[in-house]
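Each chain gets a letter, A, B and C, in the order it is written, and its residues are counted from 1.
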Amino acid sequence: MNLKSALLGAVAFSTFAPALYADGHEGERGRDGNVSIIYWQAPSIMNPFLSGGTKDVEAASMVIEPLARYNPEGELIPWLVDEIPTVANGGVSEDLTQITWKITEGIKWSDGTPFTSADVKFTAEYCMHPEGGCAQVTKFEGVKSVETPDDLTVVVTFEGQTPFPYGPFVGGESPILQAAQFADCLGAAAPNCTEQNFNPIGTGGFTVTEFKPNDVIQLAANENYRHEGKPAFATINFKGGGDATAAGRAVMETGEFDYAWNLQLAPDVIAKMEEGGKGVPVAGFGPLVERIMLNNTNPSPDLGPDERSVIRPHPFLSDPAVYKAMSLAIDRPLLVEVGYGKAGKVGCNWVPAPPAFASDTFDCSVQDIEGAKKMLDDAGVVDTDGDGVREKDGVPLKVLYQTSTNAVRQDFQALIKDWLEQIGFEVELRNVDSSVFFGGDPGSPDTFQKFYADLEMYANTFNGTDPQAYLANGLCDKAPSPATQWQGENISRFCMEEYDALHAELAQTADAAKRAEIGRKLNDMMVENGGMIPLVHRGRLSAHANTLGGVALNVWDSELWNVADWYRMK
Amino acid sequence: MLTYTIRRLLVAIPTLLFISLVIFLLLQLAPGDPMAQVPLTVPPEVKQKMREALGLGQPIHVQYWKWLVQFFWIEPQVMIDYFFGTGLAEGKLRVISWQTRSPVMDIVVQRIPQTLWVVGTAYIVGILIALPIGIYSAYKQYSVFDQAGTFVSMVGFSIPPFFSGVLVIVIFSVNMPRESFFWFPSIYDTTLVVDSWASFGQQVRQMVLPVMVLALQITAQLSRYMRASMLDNLNQDYVRTARAKGLSESIVVMVHVLRNSMIPVVTVIALGVPAIFGGAIITEQVFKVNGIGQLLITALFANDLPMVMTLTFIFAILIVVFNLIADVLYGILDPRIRYD
Amino acid sequence: MTDTATNTAAAPASPSRWKDVWRQYKHHKGAFYGGIFLLFITLFVMVGPYIWTLEFDKLDIRAKDMRPIYTALWDSDAKVGWNHPLGTDNLGRDLLAQLMQGGRASMAVGWTAMVLALLIGTLVGVLAGFFKALDGILMRFTDLVLSLPILPLLLVAVTLFRERLLSVFSPETGMFILIVAIIGVTSWMQTARIVRGDVLALKEREFVLAARSVGTSPYKIITQHLLPNVLSPIMVSATLGLATAIITESALSFLGVGFPSDFPTWGKLLSDAVPRMTEYPERVMLPGIAISMTVLAVNYMGDGLRDALDPRIRGR
């Protein structure tokens, strides 16, 4: 019974969602002509299994679709199936090892052939092929087999108990490919299927008419789309390239485009563009958090390559007084105002969303420089040699603070450097080109995994609504080291036995309330024990033209999840 | 001259091979990872698998050899197939981009038109404006025209395109009313097909702003070289001799002086031509022209090594060829230069 | 044109000749004012910070987005104050102090990279043009450097040398050396090609042939007959090179391979201000004017110097 209620909680029942967002706007297919979308990062491929980049996943979501996806509230809604399988409706087996999807009857591919369970099974084979290099293979983790008892039924069996079975075929990262089209593209042959990767046949509202990689995509309404009178637009002109400023300007100031994606711009710049009067920004909040990671190991350049940023502890950052004083010295509301405006909130937690998982233990919205100084004084971290920099056990509080190159991050660096220096630190700033910083090249000393610095700032998030895998980033054995070629998600090298034990418990728990409670505890342990200093809970900010209707910004799935429902307001 | 040209062409082959090796090693040495743009939510093991699927795990000399074979042997076959309908390259592995998983050359061919339209036009416009300005400024040295020309070209050269580009957008796209004749689009539409006068007009309109920005830079630079070179020659003995012979002033300046002044200018122009194909990275970015320059910069940021390698190598070929052309032109402009 | 024209280039250097040069130079109006301006801007960036003692990286978030004092002339509501005469940026850093500090970096990068590029370029160009045996190899080497993509080159250099430089110098000095070296090393090729082209033509001229026939050593031919005659393209390359170096530096900072983000340069101030260009035009105009005026001043000085060194014009 516990399990059932768990799944009932996790999956809110919903009616047929797209209808909700249509605003009663009706008419024949293609009545509104053309819509222009601009992404300042240009898509390079229409197959999300081969790229994993957000730009590519979202572009592809206009054409190929998953069985179920998340709506803007973060709830699962059926997409190509009749209902979300749960234990209550018998779709998920009592022992939590099997999930059965019932495909809606009558769905057709854009080439007119019927959409069947064989396509779903093929998609799993395609991504799970060992030589394919599939970017979304984690979605299929633990899948034992995918069976097709009949044309409209898909049974996914997992190797073990899986409390959250909505990985495969759910969300924009895991859409269904057409078996007939991709039959010859399995495994090592995947990259050679240029035609298929650029023009996948889909079930979505649009089909590709011309794909120019890293430049522009032309799409037309899908004649075989399952909903009468949709999509409202006959064509889409999907332009890529440039920068966020130019994209925002094209929508809000010049009115050349209807929709601009992910405008990471300073709030005053956005406000100025909004005065242009041709469009409006919209914001949505997922679990994305901008944070400072604290190095729990010693990054001193004097150590050899096998010891630097490997051996614990850090000479002074491991002292609770030091990292708590740092957190206290930061004026988070000001950071939000300077950097993100509407698209940011004060962030005190590692997991700020969904609401059930968001802890309310900490309040970090008030800056207290004097309190921070006092905290350091009390802990005996004082300036002994009169150079203005405090020492702990003779080691001066000199930190190297690095991040990727990005205007807002550089402003944050300047502000935080100023505050830290006020409480007696000495801060050296460094910014690294993001293709190097986030690249996993083990030969480069500048990657965020190597963490050859004391502090580093970046943002991270998780897909879907369940943070179990994300919380695993705090496990001891996930710390990057030379032994793992510097791969591993535990960037701060946080390590605590209690944390590991509690996470193991989470993996065994199915009850939603209990899961949320453990999740909140894990979050608190990480923040309390010096794994990181959360700064800002960041939202996604996009802009659409005043005349574009039906936009519902979705941070849990592709932003273009309901592009088939968009229409032109007259 | 002919033997010189042939000898230079023969020398060019080992030179280019060596250049390709140096570029390849440089790119291998540079930090960066084709998986950098994949979100952090994708775990490292998966990224490692994806890297292996791209062939990254292979030894460096194998990767280099593969690229050589693909570029020099298979790609020409593809070209022959395309023109003569043969099937030489069928089933053979071409140079494949890591970002798009499609043949690099196909994308390059797709990008060349917009780059040639925009950057090429700007170059021609720039040359056409710069040469007369340079000649006249030198002829009337320190006149008002010369002073104004110097001022404008120096200011033009020292303003970076990321500023001048945005400035013209703010003036002509944002603040100009949409109905006005002087409203120009800030975003270049690469899908526009020119098949009528109306669409040609549209094409011209969308080229106005990027061409304006680029031509300013090119004009500024070229007119300075032209002026300096003319000044040098105007004071030479042969000019006095020509004048003394009673030749008309226009013949003296336009034939004798100009011809001798062209040597440094030809170098600058010839060196600039490979840059046309290389596109103007920042200007293309600002106006979203998405030509070769934008292709190169996105490939660099995505660490798409086959794409970067192929593009830089094509530029290298162009550089070598146009330097050869410049050298041959020296010989034609100044018969005294002997290469043999 | 000139009555005193001689058929060859410069006469041997003598005290009177340099006096001559200086006299000629002084009379060149552009060069004179250019020099004065350059002196002024150099004093501004070198001595300025000692007079205007506000720290360039001092954040004063309550005084952010202040306008320059002259805005008050037409807009009495503008947020201005004598404590920040040129206004502040979006984090409240003083623009005047930033311009001074930024100027130090930009001028240093510009001059050093320009001189470096000029030396390499002239050397390679003259050698390749004059000695036929060296022509092939040097010009193929030029082709090689021309075809190297600058961005990966920088990333490689930063990766290889950053730590080593940091262990010896401060972060700013270390990056300065790296940036100057890279810009210098990748911008001499055009000068080299132009100089070589001119030298190829010049060395077949009568006066060089004459010098050679009387047994003048190659070194003397180069320094006394060839170099003075290729001076004008070199001067143009030099002035353009100064501007290019300043702008290249700003592009590099913008891409995150340049100076640390809290270290201003003129180019970086300019590129950071572009998104807010319409509201705060002074933030782009002031550094932009500083760059343009410096380049212009150097250009006029170059003109004056060339005229002064040219024996055919001197004394006119």
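Definition applied: a residue touches a chain if its C-beta (ideal position, glycine included) is under 8 Å from a C-beta of that chain, and two chains touch if they have at least 3 such contacts.
A quick map from chain label to UniProt name: A = Peptide ABC transporter substrate-binding protein; B, C = ABC transporter permease.
Owing to the predicted nature of the structure, the values given are computational and were not obtained by experimental measurement.
Because contacts link each chain to all the remaining chains, their graph is best described as complete. Farthest chain from chain C (ABC transporter permease), judged by C-alpha centroids: A.
Once the centre of each chain is set as its mean CA position, chain B (ABC transporter permease) and chain C (ABC transporter permease) turn out to be 24 Å apart. For the pair chain A and chain B (ABC transporter permease), the distance between mean C-alpha positions equals 38 Å. Mean C-alpha positions place chain A and chain C (ABC transporter permease) at a centre distance of 45 Å. For chain A, the set of residues that touch two or more other chains comprises 245, 433-434, 436, 444-446. Multi-chain contact residues of chain C (ABC transporter permease), defined as those touching 2 or more other chains: 155, 159, 274, 278. Shown for chain B (ABC transporter permease) are the residues in touch with two or more other chains, namely 31-32, 166, 174, 300. In the complex of the two chains, the chain B (ABC transporter permease) residues touching chain C (ABC transporter permease) come out as 11, 15, 18-19, 22-23, 26-27, 29-32, 147, 150-151, 154-155, 157-160, 162-163, 166-167, 170, 174, 221, 224-225, 228-229, 231-232, 234-235, 237, 239-240, 260, 263-264, 266-268, 271, 282, 296, 300, 308, 312-313, 315-316, 319-320, 323, 326, 330, 334, 336-338.
Contact residues on chain C (ABC transporter permease) toward chain A in their complex (touch as defined above): 57-59, 61, 65, 90-91, 93, 155, 158-159, 162-163, 167, 171, 255-257, 260-262, 272, 274-276, 278-279.
Contact residues on chain A toward chain B (ABC transporter permease) in their complex (touch as defined above): 38, 41-42, 44-45, 47, 50-54, 131-138, 188, 190-194, 197-198, 210, 212-216, 218, 237, 239-243, 245-246, 249-250, 253-257, 276, 433-441, 443-447, 449, 460-463, 470, 484-485, 487-489.
For chain B (ABC transporter permease) in complex with chain A, the touching residues are 31-54, 93, 96-97, 99-103, 106-107, 110-111, 166, 169, 173-174, 178, 185-187, 189-191, 285-286, 288, 290, 294-295, 298, 300-303. Within the complex formed with chain C (ABC transporter permease), the chain A residues making contact are 245, 265-266, 268-269, 272, 301, 334, 338, 404-405, 407, 410-411, 413-415, 417-418, 428-434, 436, 444-446.
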